[in-house]
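Let me begin by handing over the structure; questions about it come next.
Should a chain be cited, it is by its letter among A, B and C, assigned in written order, with residues numbered from 1 in that chain.
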Amino acid sequence: MLKLFLRRLLSIVLIGLVISFVLFLIFESDKLDVAGKVLGAYSTQEQRLIWLERNGYNEPFLLRYADWLGNFVVGDWGKSLQYDIPVRPYLLAQLKNTAILGGLVFSLTLLFSLVLGVISGVFEGRAIDRSVSIFAVLTTSVPEFASATLLAAVFVFWLGVLPGTSTFQNGFSWKEVVLPVAVLVIYNFGYYTRMTRASMAEVMTSQYVRTAILKGMRFRRVVLNHALRNALIAPFTVMVLQLNYLLSGVIVVEVFFAYKGFGKMLYDAALFGDLYILEAATMISVAIAVFSQFVSDVGYALLNPRIRFG
Amino acid sequence: MLDSQQPVLECKNLCISYYTRTGEVEAVVDFNLKVLSGEAVGLVGESGCGKSTVALAIMQYMGRNGAIVSGEINFMGQNLCGLNEAELRRIRGKDIAMVYQEPMASLNPSMKVGKQLVEVPIRHEGISYQEAFQRSANLLSEVNLPDPESMMSRFPHQLSGGQQQRVLIAMALLSRPKLLLLDEPTTALDVTVEAGIVDLIRGISKKYGTSLLYISHNLGLILETCNRITVMYSGQAVEHGSIKQVFDQMRHPYTRGLFASIPLPGADRYEHPLVPIRGQLPLPQERPKGCYFSPRCDFFQKGTCDKKGLPMENVGEVGHDDHVVRCARHSEIDWQKYKPEGIKQIPCEKGEEILVVEDMKKYYEVKDRSLSALLRGGGTKSIKANDGISFVAHEAETLAIVGETGCGKSTLAKVLMGLECASSGAIRIRGKDIASLPVQKRNPQMIGMMQIVFQNPFETLNPSYSVGSQVARVLYKFGVTKKRAETQSKTKEMLDMVKLPTAFTSRKPRQLSGGQKQRIGIARAFAGNTSVIIADEPVSALDVSVQASVTSLLSELQRKKRTTLLFISHDLSLVRYLADRVLVMYLGKIVESGTTEEIFSPPYHPYTEALLSAVPIADTSVKKKRIVLKGELPSPSAPPPGCPFQTRCQRKIGAICEQEVPPIREMSAQHKIACHLSLEELRSMEPVIEFAKKAKKVA
Amino acid sequence: MSDQQTEKNAQSNEPQASRLLVLWRKIALIRESRVGMLGTFLVAFWLVLSVIVPALPLFDPLQQYPCCISLPIASHGEDGGFFVLGTDDRGRDILARLVWGGRLVLFWATLSMLVAYVVGGAMGLVAGYLRGWWDVGLSFLANVLLSFPVMVMYLLVITYLGGASGVNVIFAVTFATAPAIFRIVRGLILDIRARDYVFAAQVRGEHPLRIMLVELLPNVRGPLIVDMCLRLGYTTITIALLGYLGIGLPPPAPNWGTMIADAQQFGHLGVNAMLWPALAISTLVLGLNLFADGLREVSLRD
C-alpha cells in the first residue's frame, strides 16, 4: 500500500514537473514577448532589452526555469500587469470564493448523483429508474451557459428574485451564489448519476449479490452491505478524478455571472495577457487537477481490496 | 423406496420460461424430480439443456424475465412457488443452500471471507458473532482448509480457486441445510483440485444428512457422487433412474449417444471408436414436434416419434419401477443389434523427425516492485515458465502435452509459434533452428509449416468478417492460392474438408455453433502446407456430444495429411484416445514422458498417478485408486527447490526431494520419469485404473 | 498496390454496398428504442435544417436592420419584413441566425471531433496493441494533457496560437479530447488484444499495422460509434462555449454561443435573443445523447 502510495506520488510529481516546464515554455520562451507584455505595447525595443537584462532574462533557459519554479513554490508569483498588485494575495482571495462555489457544487453533485444513481440502479427498469434516467439525460444535455441563460431568464428577469451577477460588490453574499451553484449542479449531476446507476445495476446482477440473496439476506442488507461498496468504487473515483472538469465548468459559470472568483480571474488574465496571473493561475489549477488524480488513485486502492492486498 | 417417506424436494410437471424481446422461450418443459432425505441426485446434460434453470427455480431466483409457468416445486411438502419474499428468505441459505460454478465471482470481492460466512448463522439463527465465528472456523477446518482463522481474515482474491470453492461449500453448510444444490461446482477448477472437492462433496450427505442435487455436464462426476441420475436434453428430462440403471442399461438413445461419445481412459481407441452424435442441440424456439432428440436419433420413426407430448414411461424391468425414459420406442429398440459406426482409426506409421526441442528454457523477467527489493537495489525475479523442455515429434505422430493450469504448456505453444522467443535452448523444425526467431522474422513458408488450433471457439474467429474470408486470408497469406477465383474455390474445398456446407463461406462467426467454429479453426490451421499443428485444448470448451466429432475430425485430418499434432490438454481421457506419445508437465518441467500405453500404466510419476486418479470416469466397472493431492500449486515465480512436485507429492521420500533435482529414470527406451523413487519402487506401483471385469457392457 | 487489391478481395466476399446496407440495417434497429427515435428525430431536425438552410427563404443572418432592434417574437419590421423569432440587439433576424448558426456549429463540431478521434484513436490503438514503451510514453502524454482543466487548455491553446479561428478551435478540441478518446480506445483494445483471433493473425505473420486496422479496429466500432455520438454533443457544446467566451469561431458569423454572449449584455432586453440559441443547443445535444443511448440499448440486445 505504502509502495503504491509512493509510486503514485512520484508519478504526479513527475507530471507536475513536466507540465510546469511546458507552461514555462509557452509563457516565457519568447523573452521579447514577455518584455513587451510587461512594459506595454508602446515600449521601445531598447527599453525591452534593458528590462530583460535587469530582470535576469539573459540567463540560460533551464536556469531561468529552475528559478521560476523555485519562486512559484515559495509563493513569489510576481505582480499583476493589469492591476499592478502582487498576484498572490489577489489570487488567493479569488480562490477562496471559488472554493466556496466548487465545494458546494461538488458536495451537492455527490449527494444527488450517488443517491439517485443507487436507487435507480437497484430498481433497474422500473418506473423510478426510468424517470431518473430521463431527468439525468435531460439535464446533462443543457450546457452551463444555456441553463444559466434559462435560469437567469426565469429567476432574474421574470421573477426578479435573484441577482443576475455575482460580483460581491457589497461583500460576500449567499444570494449571489445560488444561481451559479444551481447551474453547475444541474449540468454535472446527470452524468455521475448515470454512471452510478450503471455501476450499481451491474453489481446487482453480479453473482456475489446472487449469493447474498440466496443466503437469505434481507434485500436492504444485500444492497447496503454487499452491493453498495463495490458499486461506489468506480463513480466515486471518477468523480474525484474529474474535479478538473468541475473547474472548467466553474470558469464558464463565473464568466456568465461575473462571479468574483478564480475562474473569472483566469479568463480575464488570458484575454488581457496578464502574464503573471495567468502563470500562477494555470499552475494552481493544474496542481488541483493533479492532486485530485492522486487522491482518486489512492482512494481507489483504499476502496478496492484487490489492489490494497494485491 | 418407501412411498410413505416424504421427499425433501419434489418438482412436479415443472415448466419454466424466459420472456425475451422475441417472445417466450421455454427453458424447461414438463420436468419431474424427487430428492429423498440423505440422497444425492445428479442432473446431467449439455449446455443449454435447462439444468441450471431448474436449480435457480428451486431457489425461486429467476431474474426479472424468467417465470415458472406451471407445475410445482415442493420442498418438505410446501410449494415454494406460492411463497412471498419473507418466507423465501427464511428458507434460502437455511434449508436450501447453493454452491455455484464460478467461486471467484460468487464471493463478494470487497468483504472478508469471515464476514461473508458469519452472516449466515447470524441471520438465520440469531446467534452471537462469537458463536457464529467459532462455527464458521470449525466448518472451514471440516472442509479441509488449513488455518481457518487466518482464512477468515482474508479477502476472496487472496485464496486459490479450490479454496474459494471450499469456502462456498462451508458457507452453504453453515446452517445445516436439508438440501444442497451444486451447480457445476468443479467446472472452473483443475482436475486434481476437482478431485479434492468431489471427495469433500461425497462425504456431505453422510456427515450432515443433507440431500444433494448435483448438476453437471460430466457423467463421471455424477457417478462418483450420486445415487440417482436424471438426464436432461433440450429442456426436458429424458431418462431417470439409479446410477446403475442409467449407466449400465440406458434406454434413451440420447443417453446412449452421450456415453458412446465420451472417451474412456483404458478403452482401446482402435477397438472402441468414439461415436459422435450427429447434428446439434436445437434452439428452444426450433425444437421439433414430439421428441426433441428425433432429428439426431437413429431410431426416428415417422408417426411415432413426432407426436406431441411424449410422456416419461416406465422401462418396465421387474422391481425397477423408478427407471423411466421419455422415448416412444424404448421397448422396441434392440440395443444388442445396434452397432453404430464409430470413427474408425487406423494405426498410422510415424515418419521422420519433424520437430526437435532441446533443453528449451523460457524465463520471464518480472520486475520485483516491492519496497525491500527496491532498497536492496536488485529487483528482477524470473518466472521459469518452461525450464529445460526437450522432446522430439515425428511426422504423422500425435504427441500430447498434459498438465494443469500454470504448468507452462501454453507458454510452450507460444514459443513454438514464435510469439515469444526462447530464453535458451534449441527448437528445430525440419532441421531449421527457430528458437530465437520471432514470428515476424519467419518467412511465410516457415510460418505455414506450423499452425495452431485455439481453445475458445468464441474467440478463435474474428467476429467482423465472414468465415470464408478468414480461411481465404490464410490461403492467400501462405501463398497456397494466388488468384481470386482460385482462392474462392479452394476455400470451399477447405470447408468441405472439415465437413461444413460450402454455403457457410458467407456466414459471420456468430451464426455458427461452437463446434462449427472450431471446425473453421481446424480448416484454417490446415490451410497452409502445414507439417506441425499445435492444438491447444481444442475441444475443452465444447459440449460432450460435439467434442467427439471435432476430436475425430482433427485426428482424421492429421492422419490423412501425415501432420505432426501437438495436442495440449488437461483431459487424460481424450489424450488416451488421441495420442501416440505423452509428455506430462508440472511447473515448467517435463516430469514424465513415454508412449500412451506406458503413461497410462505403472510405473508412474507420482504426479501422473495423481492426475490419473483424478480423472472422473463414467463407467461403473472401473475401479480407481483414490489419491487426493494436498496443498496448492506453487507459484511459478517461486518454484520449490529440488523436485518441483515435492510440496504436494503423496510419495515423498524425504529431504532428498527438497534438496536435489530428481534424476531421470529411464524405464524403457521411450519412457522417462523424473523422480527420486528407485527403479524398484517405481516398478512396484499398482495401476490406478482397473476394470472390474473385462466384460463388455451389455444393454 | 496490387498486393492490397488482392487482400481486399480475399477479405470481403460481399460487395462493398451490401456491407453498408448491413450497417444501415443495424442503425435502423434504433426504431425499437423509443428514446432512440426521439433522439434521431431531434438530430435529424438540425441536420436537415443545416443542409438545406441556403435554400430557405430566410433573412440574411448578417444583415442589420437599424430600425428593428430587439424585437419580440413574431414582429413585423417597418419595411414589411416579418421576424418570426424577433431580432437581436443589432436588428438581425434571430431565426436566420439560429439556423445558420446551427450549420456552423455542427460543421465545426463534426470536423474537430473527427480530427480528435483520428489522433486519439491512433494513439490508443498503438498503445493498446503494442504495449511496452509505446504505452508508457503515450499514456504519460495523455495523463499530462488530462491534468489540464479543459477550459484552461482551451484558453492556453487558443491564446497561444493567436486567438479565435476555426483551425485553432480544432487544435484546442483535439488537445482537450484526444487524450480521453485515447483512453477509451486503449481500454477497448487491451480488452481484445489477447483474443485468439489476434493470436491467429500474429502466428500467420500479419503486419502489426494490419492487425491493428483490420483485425482489431472493426471489433471495437460498436462502443466507439456510441462514444462518437456523445462526443459530438460535447464538441457542439464546446464550439458554442468557445464562441460564448469570445475565443471560438470569430464573429460576425452567427454562432449559438456568440448569440448568447451578445444578447446577455443587454439584460432583459436580450432575453428573447438569448433563449433561442440556449434552447437550440440543448435540443441538439439532447438529441445526440438520446440517439447514443438508443444505439447502446439496441446494440446490447444482440
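One rule holds for everything that comes next: a residue touches a chain if its C-beta (ideal position, glycine included) is under 8 Å from a C-beta of that chain, and two chains touch if they have at least 3 such contacts.
Please read all numbers here as calculations on a predicted model, not as lab measurements.
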Would you mind checking which chain's mean C-alpha position lies nearest the centre of all protein C-alpha atoms? B
Looking across all chain pairs, point out the one with the most C-beta pairs in contact. A-C
Note: chain C sits from chain A at a C-alpha centroid distance in Å of 23
Inter-chain centre distance, chain A versus chain B - centres from mean C-alpha coordinates, in Å: 52
Please report how many Å separate the Cα centroid of chain B from that of chain C, as a whole number. 49
Could you please specify the touching residues of chain C with respect to chain B in the complex? 6-7, 9-14, 32, 195-197, 199-206, 215, 218-219, 301
Chain A - residues contacting chain C, complex: 15-16, 18-19, 22, 26, 134, 137-138, 140-147, 149-150, 153, 157, 164, 244-245, 247-249, 251-252, 255-256, 263, 266-267, 270-271, 273, 282, 285-286, 288-290, 293
Would you pull the chain B residues touching chain C in the complex into a rising list? 21, 417-419, 439-440, 442, 444, 447-448, 451-452, 454-456, 459-466, 468-469, 472-478, 482, 484, 487-488, 505-506, 524, 528
Quick check: in the complex, which residue numbers of chain C touch chain A? 35, 140, 143-144, 146-152, 155-156, 159-160, 233, 237, 240-241, 244-247, 257, 260, 264, 267-268, 271, 274-275, 277-279, 281-282, 285-286, 289-290, 293
Chain A touches which residues of chain B in the complex? 59, 61, 64, 85, 88-94, 97-98, 100, 102, 105-111, 119-120, 123-124, 155, 157-158, 168, 171, 369-371
